[in-house]
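Structure in C-alpha cells, see below.
Order as written gives the chain letters A, B, C, D and E; numbering starts at 1 within each chain.
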C-alpha cells in the first residue's frame, strides 16, 4: 500500500466518517442548532469527497505560473475544485436560511427541541 | 348538421340557458327548459334514424355515434319520461332551492342518457356514463339532506362501477385496438380465456352498480329518497335503465360467446332474484314513502335483471318490457310522493293519512301505478311479470321462479301500505287543509297512469320496438312468436289474450259498480271515517284511530331471520375499518423533521440493499 | 429565431437583481416587473416551443464551449413542453397573487415576487439544462426559494414546515452531490449527453449506486414516498398560490429530473420496477392519508403527492404509451392542482387554519370560485368531460398494453378514495348550509385572481372537450424522451460543429 | 266463441251456477261444522236467506269511493277466475275465457279481489279493517309460496301453462293427484290458507274483531261480498278438481269432486285452534314448502 | 434505543459508502481523461487565465456560478423575508456587551487591511488561488469584525442592496453581452491579453470582481440581519 493509497483511503475514509457523524447528529440530536451543525458536517464530508476525486499522485495546483505551462500532466483535476466552490457557497446559503428559520422557530415556539416542534403532522 | 349533434347542442345550450337566464326569471327558465326537452324529443322521434352514424377521432381512438334499434327502446323511455317529468317538475319544484341548477342539471342528465344510448363505442359510452353519474350525484345531494352519507355512498358505488367498466374498456382497447362495441363483440373470441371471464364480469359490475344489483345496491335507498322527487322519478325510471341497457348488450352479445358463460348468467339471474326478494322485504319495512319506493325500485330492477340475465328471447323481452313499465309506474309513484310531499310537507306514512278525498286524482294515478307495480292484470305490469314467469319456466329455473314469486307476492304488502298509508285510513283534521296538487303536476301523473293501462291492453305497442331491437342484435328470429298487438305467447305456445279479458273485466266492474251505486242511490250518503263501528264504540272526533305504525309486524316476525343481516352494515363497518386503518397509516407523517430524516436514511439503505431486485 | 433558451434563465435572474433597485424608485414595480418577466418567459417559451416543434431541437451552448466541456441547454419538444407549462403556471400564479399580496407590506411583497420568479426560473433551469451539476445548482435555487416561500407568513407554523423541508432538501442535495461525485469520478464528465453516451462503460455497481443517490437526491423535489414528509406541511403553510406553484411547477421539475435521469442518463429501456414500486407506494400512502384530512390545503397536498406517484408509475412502464400518459397526467395536474389551490385559497381566505369545515356552505357566498373548485375536483378525479379523464384513460390504456392488470386495479381502487375525499369537500361547499359559527367570512375575490381561475378553468374544459388540442404536443414530447440516441447525437454533434 | 251473445250467455250461466253451488257449499259447511260441534246449526239454505236479506236491506252509508267500489273489485276477481277456469272437461260447458288466460294469469287475477277489497276496507278508517287486511296479506304471502310451487311443478312437468292443456293431459295419464302427489299435497295445504277457515281465520277473526276487512260493510256491500265469496269458493274448488282430479265430465261429477275437496279445509278447520299470523306463515313455510320442493324435484326428475 | 438503531443504520450506510468509495476499483476505473485536460489546455491557450479553477468557475461553468450567485442572493433575501417583522426598525443590536478597547482599537487598524486583502484576492482571482467568493468572504469578515467591535457600527441596507443588485446585474449583463457579441451566453467576448498579466482573461476578472462585490455585500448583509435579530 503506497502513500497514494493511504492518502486516498484517508481522504475518502475521513469524508465518509464526516458524513456519518453529520447524519448521526441530524438523526439523534434534539437541538435544531445541532441538527444544522450536523447538516454542515455532512456537507463538509461531501466537499472533501468531491475534492478527493480530483486528486492524482504528486499533483500540483491547477494554476499556471510563468514557466509551468508544461506541468499540465501533473496538475490535479480543476473541475472538482470549481464544483466544490459552488457547493460550499450553496451550502452556506442553505445554512444561513436554516439559521434564520431556527430564529423564527425559537421566536414562535420558545424552544429549540425538534420533537417539540410538530404542530404540523399527519 | 347531423341531428344527433344538433340534439347535443340544443341540450347544452338549453342547460346553459336554463342556468343563466333562469337567474333572470323563473318563467323564462321553465320555458327554456320545456322547450329544450320538447325540441330535442321532437328531433329525436322524427329525425334520428338508425342508419346515420357519425364517426370522429379523439386521441387516435375512433369513435362513433349512431342509434341502434335496441337503444331506441331505451331512448323512448328516456325522452318520454323526461318530457312528462319535466312538465311535472316545473310546478313541483316551485319554491325549492337551487332551481336553476336543478333544471340545468336535469337537462344534462337527459343529455348524458341520450349520449349513452347513441354511443357506438365504449369510450363515449363511458364519458356519457360518467356525466350521468356526476350530474345525478349533484341531484342526490341537492336537498342538503344526509349529504355526507347517502351522497358519498352513491358516488362510491358510481365510481366502483365506472372504474370496473373503465378497466374493461381499456383492456379491450389495448388488446384489440378498437373501442367499437361492434368490434369488441366480433373480436371477443380472440381474447384469452381469462380475459373472456374478466371482461364481462368487469362490465357487469359497472352496469350492475347503476342498476342496483344486490351487493351493489346499498346506495339506492339513500340516493333515491334524498334527491328531489321530480328527479328521482327520472333517476329510478330512466337512469337506472342505463345499467340494464348495458347489461342487455353484455348478456346478449358477450356472455353467449364465453365457454361455460352460462354460469355468469345464472349467477346474475340469482343475484337479481335475491335483490328483488331483499328489496321487497326492506321496502315493506320502511315508514317513509321515498325509501319504500327506493327499495321497491331495487326490487323491481331485480326482476328486470333476472329477465335480462336468463337471456332466452322471451326472458329478454320480458326484462325490456318490465324496464319500460317500471319506468312508467315507478316514475308516477315518485311523482305522487312528490306531490304529496309538496302538499303536506311530509312523505312519512305515519304522519299523513286519508288524503283520498283531498287528492283524488293523485290517488287515481297512485292506484293505477300500484296495480301495475303489483303486476295485477289488466295493467301493463302484468304483461312483463307474465312473460318473466313464462320465460323462467321455459328455461327450467325451478327455484328462481319461486324466489321471484315470493317477492312479487310480498310486494302486495308494501303496495297496500303505500295506498293505505297516504290515501286511506282515518281522515285526520290535521290534514283537512290539504288541496289537490296543481294541474301541471296531476296531468303528467294521469297521463302516465293511462299509459300503464294502454300498455296493458296493447303490449304490442312497446313489444314491437323491443322486438326490432332484438332482431337487430340477431337475437330473435323475424317471426314474432311471442307477441301480437294484444296477445302474448310463452315458449310453449300458451297465450294470454288481453283484449277480451280487459273488456270482460270492465264490464263486470262497471256492472257491479252501477249496481252498488244505483241500489238505494237516494238514501246512500257519505259519512266521515270517524263514523264507524269500532267494536261498538263511536270514536270521538279527536281520537286518532289510524293504524299504520308497525304495519306489517306479524309478517316481520315471520321473516325476522332474513332481515337480521343487512348488507349496508357490512359495508359501513368495512368503510369505517378502512378509514381507521388509513388514519393509522398516515401517522407515518409524524410531524417530526428528524423522523423524516430517518426515513431518508432508511430509504437509502433499503434501496442499497435491494438494488438487485429493484433495478 | 425568436430568442434563446438561455434567456429563460437569464431574464428572470436579471430581473431578480433589478427588482430591489426598481423598488426603491417605484414601489409598484416590485409587483409588476415579475409579472412582465413571467409573461415574457411564457411568450418566449411558447414561441421557442413552436419553433422547436416545427424545426428541430435547440441545443444552446453557454460560454461558447461545446457540450462535453461547456454547459449546454437543451430545448427539445419535451423540455419545451414542460417549460411552457411551468412559465405559464408561473404567470398564472403571479396573476393570482398580484393583488392577493397587496395587503402585505412592500418589503414582503418584493421578496415574495422575487422568490416566485426565481422558483419558476430554477424549475425551468432544472428542465432545460444539460448538465447534472448545473441541475444541482438549479435544484438548490428552487429549494431556497421554496423554503423562503414556505416560511413566508410569520406568526404561523410556516417556519416549522420550511425547516422540515430544509432538512430534507439539504440531505437530498448531499445525496445528489454524492451521485455527481460518483459519476464524475467514473466518467470524467458532467454533461448528460456525454454521460448517457458512455454509461455502458461504467462499472455496473457504481452505476446502480449513482442511480440510487440520484433517485434520493431528486426524490425530495419529486415528492416520492418516504421523502415527502415535508410536502404536506409546506403546501399547507405556504401562501395559497405558492401551494399551486409547488404542485404545478416544482414537483413537475422534480419528476422531470428523475425521469430524465432514468431514461436518458442511465438509459434504462423497458419497465422500471423502481419507479413503479415507488410510485405505487407514494400513491397509496398519499391518497389514503388524504382521506381523513381536516385541512383543505393539506388534503390537496396529499392529493398532489398521490398524483406524482401516479405519474411515476406511468413513467415506470417505460413504454411510449406510458410516457405519453405520464406527460398528460403532468400537464393536467399542473393545471388542475393550482386551480384547486388557488380557488381553495380564495375560499379559505379569511382563516389561517384552513379547516375543511370552515368552507361549509361557501358556495352561496362565493359561487363562481366554488364552481371552479368543483371543476378542478372533477377534473383531478378523472370525471369526463374534464381534462383529467383523458389522462387517466391514457394511463390505463398504457397499463393495459403492458398487461399490468394489478396496477390498473390498484390505481382505480385508490382513485375511489380520491373521489371520496374530494366529494366530501364538494358536499361541504355546496350542499351544506352556510353557518356563521363555523364557516369563514367570505372574501371578495380580486379581479386578477378571477381571471387566473377562469383561464385555468377554460384550459381544463378545452382539454376535456377537445383533448386532441394537446395530445399532439405530448406525443412529440414522449417521443423525445424515449429517443435517447437522438438526444445524445443532437447535443454531441452540435458540439462537433461549433468549436471555439 | 261464435258470437258475443253466446259469450255473454255463457258468462251469465257460469256465474249463476257458481253462485248457487258456492252458496250451498257454504251453507253445508256451517251445518256440518255445527253438527261436529254437536249443535243443530242453520239449515243449508241459510246463506241464501242471508243473502236475500242483505240484498234487500237499505244501506245508508259509505265511506268514499274506494269503499263503495271495493266489492266491485272483489266481484271482478271472482267472476274472472270462474270464467278462466274450465268448469267441465273438453269445453263441454261454455268455454268463456278458458283459452284467453292461463294459470299465471289466474294466479294474479285471484289476488285482484282481495287487494280491491283491502282498499275498500282501508277507506273505512276502521283500524280493525286495516289490521285484518295486513294479516290477510301477510298470510297470503305465506300460502302463495307452496301453492305456486305446486303449480310451477305441474306446469313445468307438462310444459304448459294452460289449464285446458293440463286437463287434457289427465285424460291420458290419469289424475295428477296421483302422478304428482307432492304437488297435490302442497296445493292442498296451501288451500287451507286460501279458504281462511280455522286455523287460518285470524284475518276475519270473527269472534273478537268486528269481522276484519268486512267490518263497516252491510247491506248491498256485504251482499256483493258474500256472493263474490261463494263464486270464488266455487272457482277455487273447480280449479283444484281441474288440476288434480282430472276435471269433470258433467255437473254431477263436478259437484262430487268439488265437495270432496271442500271437505278438507272444512274438516281440518274443525279440529284446529287458530294460528297467529306469523305462526300461520311459519306453518306454510314448513311442511307445505317442503312438499313444494319435493314437487319441484319430482318435476325436475320426471 | 433510538441511538442504537441510528448507529446500526448508519453502520450499514457507512458500510455501503465504504464499499463504494474505498474499493480499489473506484480508483482504478476513475476517468482521468475527461474534461480535465481540455480545460487545462484551453485555459492557457484561449482564455489566457492562469488559474484554471477560476476559468472553470467563471467561464467554462460560468452558468453554475450565476446560479450560485443567485443562491446567495436568494439566501440573503430569504433571510430578510424569514426574519421579517411587521414593524421593521433597525437599531437595537443583540450583542449588548461592548467589546474591549483592544478589540475596538485593533479592529480599526485591521479593518482596512482586511478590505484590502479581500480586494486583492478577488482582483487577482484569475491569477492566483482565490477569487470573487473568497475575496468577498474576506471583506465580509472585515465588516463582521467591525460589527462586533462597535455596537453602533451600522451599514445602510440600501447601499448593500444597491451594490448587490448592481453586481448581479453586471454579471448577467456581461453574460448577455457575450450573447449578443459572440452568440452564446457568458461568452468571453473581450480580448484575452497575455497569460499571467493582471489584465488578462477577458471578462473573467471583471465578472469575478463583480462576484466579489456581490458576495461581500450579501455576506455582510446576512451577518447584519442576523445580528439585529432578537432571539
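The rule is simple: a residue touches a chain if its C-beta (ideal position, glycine included) is under 8 Å from a C-beta of that chain, and two chains touch if they have at least 3 such contacts.
Source: prediction; values computed, not measured.
> Return the chains shared as contacts by chain C and chain E, ordered by label.
In this structure, the chains that contact chain E and also chain C are A, B.
> Note the connected groups of chains, using the touch definition above, after excluding chain A.
Once chain A drops out of the picture, we keep one piece.
> Of all chains present, which has the mean Cα position farthest from that of chain A?
Of all chains, D has its centre farthest from that of chain A.
> When A-C is set beside A-E, which has more C-beta pairs in contact?
Most contacts of the two pairs: A-E.
> Where centres are the averaged C-alpha coordinates, which chain has the largest centre distance to chain E?
Centroid comparison gives D as the farthest chain from chain E.
> Report, in whole Å, the distance between the mean C-alpha point of chain D and the mean C-alpha point of chain E.
Those two chain centres are 107 Å apart.
> Please report how many Å separate the Cα centroid of chain B from that of chain E, as a whole number.
Chain centres of chain B and chain E, defined by C-alpha means, are spaced 73 Å apart.
> Just the number, please: Cα centre separation of chain B and chain D in whole Å.
36
> So what's the Cα centroid distance for chain B and chain C, whole Å?
Here the centre of chain C sits 44 Å away from the centre of chain B.
> Provide the list of chain B residues touching at least two other chains, using ranges where the numbers run on.
Correct list: 586, 589-591, 593-594, 597-598, 601-602, 604, 608.
> Could you pull out the residues of chain A that touch at least 2 other chains?
Residues 19, 23, 26-28, 35, 49, 53, 79, 83, 86, 90, 93-94, 97, 101, 104, 117-120, 122 of chain A touch two or more partner chains.
> Going through chain E residue by residue, note those that touch at least 2 other chains and give them in order.
Within chain E, residues 6, 9-10, 13, 16, 30, 32, 35-36, 39, 60-61, 64, 67-68, 71, 74-75, 78, 82 contact more than one other chain.
> According to the definition of touch, which chains form touching pairs?
So, checking each combination of chains, I get A-B, A-C, A-E, B-C, B-D, B-E, C-E as the touching pairs.
> Which residues of chain E touch chain A in their complex?
On the chain E side, the touching residues are 2-3, 6-7, 9-10, 13-14, 17-18, 21-22, 24, 27, 30, 32, 35-37, 39-41, 43-44, 50-53, 55-57, 60-61, 64-65, 67-68, 71-72, 74-76, 78-79, 82-83, 127-129, 131, 133, 195-196, 215, 222, 225-226, 229, 231.
> Enumerate the contact residues on chain E facing chain C in the complex.
The touching residues are 16, 20, 25-26, 29-36, 38-39, 42, 46, 59-64, 66-68, 70-71, 73-75, 77-78, 80-82, 84-86, 88, 158, 161-162, 164-169, 172-173, 175-176, 178-179, 182-188.
> Under the touch definition given earlier, write down the residues of chain D that touch chain B in their complex.
11, 58-66, 68-69, 71-73, 75-76, 79-80, 83, 97, 99-102, 104-105, 108-109, 111-112, 115, 118-119, 122-128, 130-131, 133-135, 137-138, 140-142, 144-145, 148-149, 152-153, 155-156, 159-162, 165, 209-210, 215-216, 219-221, 224, 276-278, 281-282, 285, 292, 296, 299-300
> Going by the contact rule at the top, pick out the chain B residues touching chain C in the complex.
Those residues of chain B that touch chain C are 57-60, 123, 126-127, 130-131, 133-134, 137-138, 141-142, 144, 147-148, 151-152, 155-156, 159-160, 163-164, 166-167, 170-171, 173-175, 198, 579, 581-583, 585-586, 588-591, 593-597, 599-600, 602-604, 607-608, 611, 613-615.
> State the interface residues of chain B toward chain A in the complex, per the touch definition above.
Residues of chain B touching chain A: 586-587, 589-594, 597-598, 601.
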